[in-house]
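Presented below are the structures under discussion, each in the form of structure tokens.
What follows is a pair of complexes built around subunit A, which joins subunit B in one and subunit C in the other.
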Partner chain A sequence: MNPKSYLAYTLGYQLFGKSFLSWQRHSDERKLRAIRPAPDDPLNPPLVGTARMKELMSRHYLEGRYANGVRKVAWVTSGAPIEVLRALDFFLIYPENHAALCGARRHAEGLAVEAENAGYSRDICSYARTDIGAALSGRTPMGKLPRPDLLVCCTNICQTVLYWYRVLAAHFGVPLYVVDTPFLYEKVADHQLDYVLEQIEGLIPVAEKVAGRRVSRGRLQEIMEQGKDCAELWLEIMDRAQHRPSPITAFDGFINMGPIVDLRGEPETFAFYKELLREIDRRIEQGVGAIRDERKRVLWDNLPVWYKIGKLSRHLGAKGVNVIVSTYTYAWGELAPMMDASDPMRSAARVYLHPILNRSTGDKLRSMREMVARFQLDGAILHSDRSCKPYSLGQIDQRDNLANDLGVPAVLLEADHNDPRVYSDEQADARLDAFVETMEAA
Partner chain B sequence: MLTIPTRAEVVRQVRERGERVAAVLPIHYPRALLRAHGFQPMEVWGPPSVSVVEGNAHFQAYTCGIVRNATSFLLQGGLDAADVIVIPHTCDALQGMASVLKDFIEPRQPVATIYLPRAARSADRGFLQAELHRLAQQLAEISGRSPSGGELMAAIEREEEADRELGALAEHRSEIDLGDRDYFTLLRAREFLPAESFIELARSAPRGRGPDRGVPLMISGIVPEPMDLFDHINEMGAHVVADDLACCSRRLYRPGSASDPFERMADALLGGPLDPTRGSPILERARAVASRMAQCGAKGLLVYDVKFCEPELFDVPLLRKHLTEAGLSMLHVEFDMTGSIAQQTLTRIEAFVEMLQ
Partner chain C sequence: MGEAKWIGIDAGSTTCKAVAVDAAGDLIASRIEPAHPVIEDQAARLVDELRAEAGAGGEVPVVATGYGRKLVRGATRNITEITCHARGVFRALKQPGMLVDIGGQDTKVIVIGPGGRAVDFMMNDKCAAGTGRFLEHSAARLSVAIEDLGPRALGAVGEESISSTCTVFAESEIISLVARGAKVDAILLGLHRSLISRVVAMIHSVGLRSPLMLSGGVARNLAARAMLEQATGQKLHLPEHPQLMGAYGAALVGLESGADR
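The block that comes next holds the complex of A and B.
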């Protein structure tokens, strides 16, 4: 450990930073409690718990600023098996989450342009362009990202991350460990499970070498248990949308999902979601919905359009449409039952093989149909995300199936999760308005 | 002048031999395994000259042209001669295609997939062998033929021999007395000819002093479609001296040595030339491309990519940087998988050639 770095870490993060963020959270909570929406606002007041999410995420990125020289840093994909890394006390950065934050704060375009100026095509994923732009320029709305000591890329969300992390490996000159997860066109086979297990086990010596310490199996088990607890709690929150009116929207899920991605298994994450669940349950007791007049309940498929979350929730809310659940947010909880702390490695292999993006298009349709029934949905918005091909390919048939076989109106909304240059308000509004009319006529 | 049988003629010959046809999507797959199970692989790299209406009914406009065209071709009956469709897991787009075919389109032919590991560690080797066993079982169920170990090894040796011939053609381009278009037509005959026919054809290629007209270029990308690209390049005053194409030189697999056929096939697939779709490190690949260019005297690299091909696109900036540092020029252009090349693309290539002159 570098003494200068440690001093900066202690002062900048531990002492002043955390205290400031805690004060800021109290201030945000007061402001959120004081919100009285205008009479024509279709939304009810936002969840106060969101202030704690902001604190958690800000604290995480603040720690990141001071992490180099104090903790080993790994940059990981959102679906990477992080239990081993957490057990070795790595500080984890999720470039996808960082890119999403840049998108939500409307910084993504500027960073993407940095990458494009360096030759990266506008046809590659906008998360990748945002992060590569941040790496090349050193700019980020989070202040500063710590330099990685290790990159861990798991292909269970897409192949794009492999190409992207190869660029990062070349840029930073650090080791890249790939956990390759065969795509599940059908049910998982033993050789697929064994393969992923072997790779997760293979990560241990690589990470130990970088960390300069040995992993404790007991700690690994503990982390798996904590991860399972968090995922179950997240699932419980998502499932509260079954109530009528739904106390939450899928947009609330998008906004509050940062900790389940970046900080899953952390005690603070568990405490945050526990408090959020209590607030949601209070809404249910009081019969308060997330929107004022819930007439139609809708599913969102795919990643959000980060830079249009507020606009979309208001536009749809004004028409009595509550987008209550999404396949994307649900994905962070639905695998909780597979987690088995008594067999952490094998159960990790199973879990990391089964994210929705690593399952077939037919399987995703089955999940959507099941959600339509369980959440009593009236329609589905399928975000055809130019930047996420594995999520989007198959949506045309999925939409046709929902509409024609299940009689559930469904619309394909052309957009991009992080690049506002491919989004047209006019076209999107017109498409959504036509969709609402179809639902009303159904 | 070489006489290369058409795909239709090969299908007829295959049928006459009582064998079957496998339509195979790009890029890497075990040819010998298919042959040993009685399937002649017929690769599908588009094709460029089909209406994409049917493909567009299943895939968004931002999907790679190979996927949309191949889906259209299938739905128009272009793959009716095939008894099985094999889709290697090359990228997200082909993953989507395989999944949509299996789950929604459900063609008459069974759809077989194979997952290729993105690294070459012992875990990857072991997995690929198991994956090849799984595919073999599926092929045996379709064809009713289970080859013995000896039959499989004989098929492997035949394919290795064909790969050696392909390698010799690629290595000694300057000694092959064929124009660029004919030369690449010959290389690409490997996509549908049986190994033994390809070996014969390759050996009959006219030797002598190859064409040496104008600026020497190396070409990279997935597939050079439409093939009149080469005519245009020649008309511009350049010629192609080497390639880093996925359909050609990126499939120069080294012959294996293992006595177990599955181990041998896995080793060959994982030990093939550097390729972004297989997760090869970018700088290693850039060094290999620069070295090949120097070896064959190429003055510039033409990266000719099918639109929306992410694996290729991610490599472009670092490849360009490395080549520039090595004093080599590079042009990156993209094309839509259609029957003609956009004039804008040709103008850029022409300007590149003029710059190199």
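The block that comes next holds the complex of A and C.
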């Protein structure tokens, strides 16, 4: 540990930063409580718990600013096996989440242009371009990201991350550990589990070497346990959308999912979601929905359009459409039953083989059909995300199946989760409005 | 012919259409013009003209559709082209089925259910491939008038294949074909083929059904019609005024809503 860094960490983060952010949260909570939507606002007042989410995420990135020289830093993909890293007290940065924050704060385009100017094609995922742009330019709305000491990339979401992390490894000159996860066309086979298990076990000595200490098996179990608790809680929150009217929207899920991705398993994450669940349950008791007049309940497939969340929720809300659930937010809870603290490594292998993007398109369709029944949905919006090919693959057939087999109106919305240059308000509105009209006529 | 009860305005990207219907839902007056950049003014003028022509001198309520629908002042409702086209064509052809509307900026495939409601639909993605603009743009490149496109393509001896459905890429293909001395008519035939292949892909992504109906500006193009029939193996049914179906449907939706205003 570097004494100067430690001093800055203690003063900037531990003492002043945390207290400032907690003061800010109180002030945000007051403001959120005071919101009285205009009579023509289609949305009910927002969830006050969101202030806590903002505090957690800001605190995380603030700690990141001071982390180098105090804690070892790993940059990881969203589906990376982080239990080993957390057990060694690594500070974790999720470039995908960082890119999403840039997208939501309308900084993604400028950063993507930095990457494009450096020669990266516009056909590459906009998360990768945003993040590579941030690494190359050193610019980020989060102030500053800590340099990684280790990169861990798991291919259970896409192959883009493999090349993206190789770029990062070359840029930062640090080791990259890749966990390769075979795609599950069918049920997982034992040899696939063994193959992934071996790689997760193989991460231990690499991470130990960077961390300069040994991992304790007890701590690993504890971390798996905490991760499971958080994922179960998140699932419970998502499932509250089964109520009529739904107390939450999928957009609430998108906004509040940062901690389940970046800080999963942390005790404070658990406390935050507990509080959020209480607030949601109060809404249910009072019969208050997330939107004022819920006439149609809809599924969202794929990533959100980060820079249009507010616009889309108002536009649809004004037509009585509540987008209540999404395959994307659900993905962070649905694997909870697979987590087993008694055998943390093998259960990690199973969990990290099963993210939605590592399962067949037919499997995703089954999940969507099941959601239609369980959440009593009237329609589905399938965001065809120009950036995320693995998520968008198969959507034409999935849409067709929902519309023709199940008789559930479904629409393909062409957009990009982070790059506003491929979004056209007029065209998107025309599709969504026509979709709403087909639901109304159904 | 009765007096105008409702007016439908279809403010599209290339043309602006207006239709007046009487109490029986018959089309009694219409206008079609190239789209003006200031949609509000153009729509207001067209409404005034129709009121003067077919109205009883009093107010006639308006329903707006098309890309500029939200800009039509004084419209009692605005409804998407999907619903309006389905309604208009259903009334004109008196049958459910599958409607293909090839317009200037977008192409729509609509499944029309009983009663003329739109059950399912697909619109082209954010590019001009598979739309009228594709032909228009290429015609301009070859200095051929739009109305001559179809007849010349049909009369072509031989066909040049245009592999790109992208308007910009097709343009460079055209340039190199012309440079190599290819016949203009043969290029036109290839362009139609490219357009229709894109439209057929959209039809299949929704699932082909019969009867197959066609509307929109491209419906006037004989080559496009013949090729679409050939590619789908279906006979095409066309309404009498294929370009007015959106505006007609809008007026009908107004009429069906019951209220006069």
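The criterion applied here is as follows: the second predicted complex is superposed on the first by the 442 of 442 C-alpha atoms of A that agree within 3 Å, B and C clash if a C-alpha of one lies under 4 Å from a C-alpha of the other, contacts with A are read in each partner's own complex, and residues count from 1 in each chain.
Keep this in mind: contacts are C-beta pairs under 8 Å (C-beta built on N, C-alpha and C of every residue); 3 or more make two chains touch, one makes a residue touch a chain.
Computed from a prediction, not measured in an experiment: that's the story for all the values here.
S.K.: Could you say whether A:Glu437 touches subunit B, subunit C, both of them, or neither, answering first, second, both or neither?
M.R.: Second partner only, subunit C.
S.K.: Which partner does A:Gly218 reach: the first (subunit B), the second (subunit C), both, or neither?
M.R.: In the superposed model, A:Gly218 contacts neither subunit B nor subunit C.
S.K.: Name the contact category of A:Pro3: first (subunit B only), second (subunit C only), both, or neither.
M.R.: neither
S.K.: Is A:Pro182 touching anything from subunit B or subunit C once the two structures are fitted on A? First, second, both or neither.
M.R.: After superposition on chain A, A:Pro182 lies in contact with subunit B alone.
S.K.: By the touch definition at the top of the document, which applies to A:Ala403: first (subunit B), second (subunit C), both, or neither?
M.R.: A:Ala403: touches subunit C, not subunit B.
S.K.: Just to be sure I read the superposition right, which of the two partners does A:Gln427 touch: subunit B = first, subunit C = second, or both, or neither?
M.R.: A:Gln427 contacts subunit C only, not subunit B.
S.K.: Hey, what residues of subunit A end up touching subunit B and subunit C alike?
M.R.: 384, 396, 414
S.K.: For the complex, which residues does subunit A have touching subunit B?
M.R.: 118-121, 123-125, 128, 155, 158-160, 162-164, 166-167, 169-170, 178, 180, 182-183, 185, 189, 191-192, 194-195, 198-199, 202, 360-362, 365, 384, 386, 389-390, 392-397, 401, 414
S.K.: Mind listing the subunit A positions that touch subunit C in their complex?
M.R.: Of all residues in subunit A, those touching subunit C are 384, 396, 400, 403-404, 409, 411-412, 414, 422, 424, 426-427, 430-431, 433-434, 437-438, 441-442.
S.K.: Which bits of subunit C are touching subunit A when the two form their complex?
M.R.: 67, 79-83, 106, 113, 117-123, 125-126, 205-207
S.K.: Where on subunit B is subunit A touching in the complex?
M.R.: Going through subunit B, the ones touching subunit A are 57-60, 62-63, 89, 91-93, 95-100, 102-105, 113, 115, 117-119, 121, 123-124, 126-127, 130-131, 134, 276-277, 279, 281-283, 307-308, 310-311, 313-318, 320.
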